Amino acid sequence: MFEIACIIAYICSMNKKGFASDNNSGVHPQIFEAMAKANKGHVKGYGDDPYTREAISLFQKHFGDETDVYFVFNGTGANVLSISGLTQSFNSIICPATAHIAVDECGAPEKFSGCKLIPVQTSNGKLTPELIKPHLHGFDFEHHAQPKMISISQVTELGTLYTVDEIKAIANLAHSHNMYLHLDGARIANAAVTLDLPFKAFTRDAGVDVVSFGGTKNGMLMGEAVLFFNPALATKVKYFRKQSGQLFSKMRYVGAQFTAYFENDLWKSSAAHANKMAKILAQKVETLGVKITQPVEANGVFAIIDNEIRNKLQEKYFFYPWDENNNEVRWMCSFDTTEEEINDFCSSLEELLNG
Amino acid sequence: MFEIACIIAYICSMNKKGFASDNNSGVHPQIFEAMAKANKGHVKGYGDDPYTREAISLFQKHFGDETDVYFVFNGTGANVLSISGLTQSFNSIICPATAHIAVDECGAPEKFSGCKLIPVQTSNGKLTPELIKPHLHGFDFEHHAQPKMISISQVTELGTLYTVDEIKAIANLAHSHNMYLHLDGARIANAAVTLDLPFKAFTRDAGVDVVSFGGTKNGMLMGEAVLFFNPALATKVKYFRKQSGQLFSKMRYVGAQFTAYFENDLWKSSAAHANKMAKILAQKVETLGVKITQPVEANGVFAIIDNEIRNKLQEKYFFYPWDENNNEVRWMCSFDTTEEEINDFCSSLEELLNG
Amino acid sequence: MFEIACIIAYICSMNKKGFASDNNSGVHPQIFEAMAKANKGHVKGYGDDPYTREAISLFQKHFGDETDVYFVFNGTGANVLSISGLTQSFNSIICPATAHIAVDECGAPEKFSGCKLIPVQTSNGKLTPELIKPHLHGFDFEHHAQPKMISISQVTELGTLYTVDEIKAIANLAHSHNMYLHLDGARIANAAVTLDLPFKAFTRDAGVDVVSFGGTKNGMLMGEAVLFFNPALATKVKYFRKQSGQLFSKMRYVGAQFTAYFENDLWKSSAAHANKMAKILAQKVETLGVKITQPVEANGVFAIIDNEIRNKLQEKYFFYPWDENNNEVRWMCSFDTTEEEINDFCSSLEELLNG
Amino acid sequence: MFEIACIIAYICSMNKKGFASDNNSGVHPQIFEAMAKANKGHVKGYGDDPYTREAISLFQKHFGDETDVYFVFNGTGANVLSISGLTQSFNSIICPATAHIAVDECGAPEKFSGCKLIPVQTSNGKLTPELIKPHLHGFDFEHHAQPKMISISQVTELGTLYTVDEIKAIANLAHSHNMYLHLDGARIANAAVTLDLPFKAFTRDAGVDVVSFGGTKNGMLMGEAVLFFNPALATKVKYFRKQSGQLFSKMRYVGAQFTAYFENDLWKSSAAHANKMAKILAQKVETLGVKITQPVEANGVFAIIDNEIRNKLQEKYFFYPWDENNNEVRWMCSFDTTEEEINDFCSSLEELLNG
């Protein structure tokens, strides 16, 4: 094992912290500590334990007492549950063409819910009532998958944000057609920080019906919460959670993490840091002449960079191309990104650009 | 939060370690430590990291180089993946009526794979060729779901074990009908300890095609592995893992756990302890006149106990009834069960019996 | 084409009317005539036509005004729709192990509804409360597929019948557990004739919630109806019918057939004839010493016959083995079976037996 | 019944043959006659009969000996089978946004196959390699539904046609990415007539892998065929046909229809007539100043017409709006449309336009 440990250490040293994804980061020490504290004795499985109950009560503090909270393993699980809980297989779900549910989940929503996804082209990852309306037809017509849900991401997959009013407008449109509004909040903490609003203000209070609340991308080991604001609608959810393989036996370790996440607003300082780092990164690369393609409203930076330079840069830092046809790349910052790393990264980039 | 911490401490002190399930236990300290060590810096997500690679190589050491290893979150996820990887929706799967896939997964196998489950009554949770054969008909007949898989559990849900020869006989029957043999190894470590055999001897070498290898019930936080012994058959699996919501972004924390699990045969000492505790528990309750209903071959004890006494005992110790019609209960031991706890439990039971 | 016509004529002459299945028969002339009459001009598609409306109103006459009627192509389609309309994917359905939905639909119910089927062993194809009760557990327990439907066949797949009281007892049991009772009526006309009761008496009035009403096996070209007795429960059905591929564009041809089916009680005379032929067949083969294994209560005869003799008999008459392990065969009579054919068949059988 | 017959007659006289859909027509007399001739005696069910065999051999004459032919009830059934036969649930299917599978099947393809549909905006219902290419990415990347099929309609839902070269270009693109090309031929006869080519020339010979061959819209009662040109790929199909509820017990009546359909090229004369009527209709309404929005290449006419006029016209003739936002309507001609009906319709339209 010594040998192996050496190899690992070597590889890790090679793998400088990059800007690939906020899920390439580890677990925030305070969150890890909370799991360690929970690692004592026996408790009942599957959520019937004090850690889970405590975390649920914290969610209800943030989102309102009448919130049904279901913990799951990951974002795909959360989205599948959000969708299945409020739809039948003959429904359709309107979402941006860039939505995680449309692009990054290997068809999980269709497979589990049976629903049709209707991807809508956008310039910035954001739906608007105008973009949605052309798809609101065929109601009661059995040949047509029945529109039942609008799904938006906050933060969007392009790092942009909806204002409260923008969400309200979409929620009103949804409800006026007897539809539901889902918010994919894989990076909801980063949104709350930029908006400088409580979670509730741009979800429940803005008319959102169900939220996928992400923890993993902001310093948790794993753990997401599905939040239904009208418990009467969530009667099927506990069964779907089990049937979709998302019911965790040792649930206490998610409960303990979320409790630490909310304690002293750890979620906020972590997300604020990530957002700040992204701002700095964007400013620095802009001064190098790099074009930023989307407003930097959270912890992601989208930029245009020549393919050859990108390849060389990726030898030192792992990150993902976003739109290869347009030489667009994505750089993500996380709770543990440091300014030094940004400087380092920008120096390398500068060298290549001047190369 | 202080108040909450107090409440938790109080509740935990109330929750004596019971015999409800091996997943009511926490995480083995060595495994927890391994996660802590892995909690440094950034690594690529979704399994492309050194921790995961190391764990995979350890699995291949135990099960043979030609083993495709897919880590998932939990047992339901592992079983769904094992099934889906080797079947089409028009197939059927023959399993004991007591199988976890048949009874305890809220229909997850049917939902994801589309397959029909054919539950077979057994006396001890074990299939035999004789029990299986009456269901091997209708091949090529399109009206009939096509039998394609036999699924057995080792340890069974009744705490019993298959011998290597028994598994071979079932595997031969399966293969002679162009079918596959799946082994649900949620408690595979407990089986290996009792059989005193390497994992490979009663899986790959006995003709098993795919294994759900469990870690959670033997001291891991979470983490199971799906093992395909013929990688040519597993071409669909990586997509199904993602589509079923079982692809973990921060996979390193499963990798690190499994590496610790195999190091110094931690899996073996943990399972051996649990098995030993079950033996002791069974002996002690038997001396109290309690009837044991199944041979105690692993870490579970099945016993008959009067309903009234059960209810009183449950006030002190949480555990599950198994078959309420027959007053049968299940007591599970785990890696951290102590003899003192058993004595304590038996004293309480004795008092009630002597009531 | 002349040549082909000759070949067809030759083959048909070879294919004596046998006793394979009531769906090997053709279309009753009066029903065919009704389609011919409907074959004029244009009408709207998908059921918005006078023929379909007329047929629906006839169903409502027979089953009560508050009956939602959905025409589909075939029995598998009807059963899938009956199930899907009243369940969620996490539900289970209790049925006899011999049920068509369990044995003869290649897993269609599981695939479309996601539900688990729980097959129950019976001696005569009939469920009883006693046989059902052991499966009524796990309610509200999310690990367990939630029992939501009991499904019985009337006539059963073994040619036997439920009395009204037997159905009522099962319906009461279902309803007391917040479950539904489905009746697979692929041969419902044959049942009504033997019971000498209106359809309504042993369906709606006995507590059945949804019926698959078959027409094909009693002289129609194709066409079944799914009947929901509480329209409030059937809100999903029109969408599921389309989504399951069971919405017929030229629906008028099913409507016209069912109208003819009900006119002058054609359904009754056809089914009565088939039942009578089965009685005669059974009596005749019994006099030859053949053992009849099930009471002949409708149009099917189940008998034990030596394999060698069966094979020889099948050279002249096509029919299906039922249970090859027990040398059991099934002979079905239909609306167009003649006594002469029975005599002919019995003569052949007699020769072989005396052979 | 006399009363009912009168009502029906009255309603039918009200329902002048309109231009709603080619499935509002009845059954061609020669096809009906063929069913009548087949309505004799008993034949085996589910396709094992001489009528079905004869029809299959005719398909093989038209499409090549190596063609696997599966008859189904309707177009949705055919498309679902075409898709399921060649995909896994983690695949995606690229199709025009106007495709029947995307718009008119209530999500049946997603529900049964689990696949994701990727709808592509087009101006005329036709895909091109340029429109497809941006969606050909993410291969081997498990987060992304794997592109496996391109689906085109010939005739398209907008009444337009692909040339053989256009189909070849798409087929080549598909095959170069290890994908399949599906052709939805609900109106394939109308396409063959305009192209003046044998079916094979623009399907198998152009690289198409699987065809949904429609009969219903060109004078059949019901009946479509799924054609796989590489039988080695179709091994799952017979099971999926049964599992999807598309296996017809009295299959002979589809077989007999298709035989009549091919005899003396009835399919061709019927489709040629419908196409001709559409041409005449288009010319006549154009002389009235109505704008035609798509080239009239088959039996459909798409036109812009003021909403108020449309409503009045619909009082006399039932037809569907196509795109209400743009005042676009669709008029379909069928094998039994007459010039007199067109004249009548145009007179009414003229009156309204001048009104």
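Chains here go by letter, A, B, C and D, matching the order in which they are written, and residues are numbered from 1 within each.
The rule is short, and it goes like this: a residue touches a chain if its C-beta (ideal position, glycine included) is under 8 Å from a C-beta of that chain, and two chains touch if they have at least 3 such contacts.
Remember, it's a predicted structure, so these values are computed and weren't measured experimentally.
J.: Determine the shortest chain-contact distance, in steps, between chain B and chain D.
T.: The fewest touching-chain steps linking chain B to chain D number 1.
J.: Go through A-B and A-C and name the pair with more C-beta contacts between its chains.
T.: Greater number of contacting C-beta pairs: A-B.
J.: Report the inter-centroid distance (CA atoms only) between chain A and chain B in whole Å.
T.: Chain A and chain B have C-alpha centres separated by 32 Å.
J.: How many angstrom lie between the CA centroids of chain B and chain C, rounded to a whole number?
T.: Each chain reduced to its C-alpha mean, chain B and chain C end up 42 Å apart.
J.: Using mean CA coordinates as chain centres, what's the gap between chain A and chain C in Å?
T.: Between these chains, centre-to-centre, one finds 51 Å.
J.: Can you list the chain B residues in contact with two or more other chains?
T.: 89-90, 105-107, 111, 114, 142-143, 146, 239, 242-243, 247, in rising order.
J.: Residues of chain D touching chain A in their complex?
T.: 89-92, 103-107, 110-111, 114-119, 134, 137, 142-146, 324-325
J.: What does chain C use to touch chain D in their complex?
T.: These residues of chain C touch chain D: 1, 4, 7-8, 11-12, 15-18, 20-21, 23-27, 29, 32, 35-36, 38-45, 50-51, 54, 72-74, 76-77, 80, 105-108, 111-112, 216, 221-222, 239, 242-250, 253, 259, 263, 318, 334, 336.
J.: If you look only at chain A, which of its residues touch chain C in the complex?
T.: 46, 88-90, 114, 142-143, 146, 236, 238-243, 247
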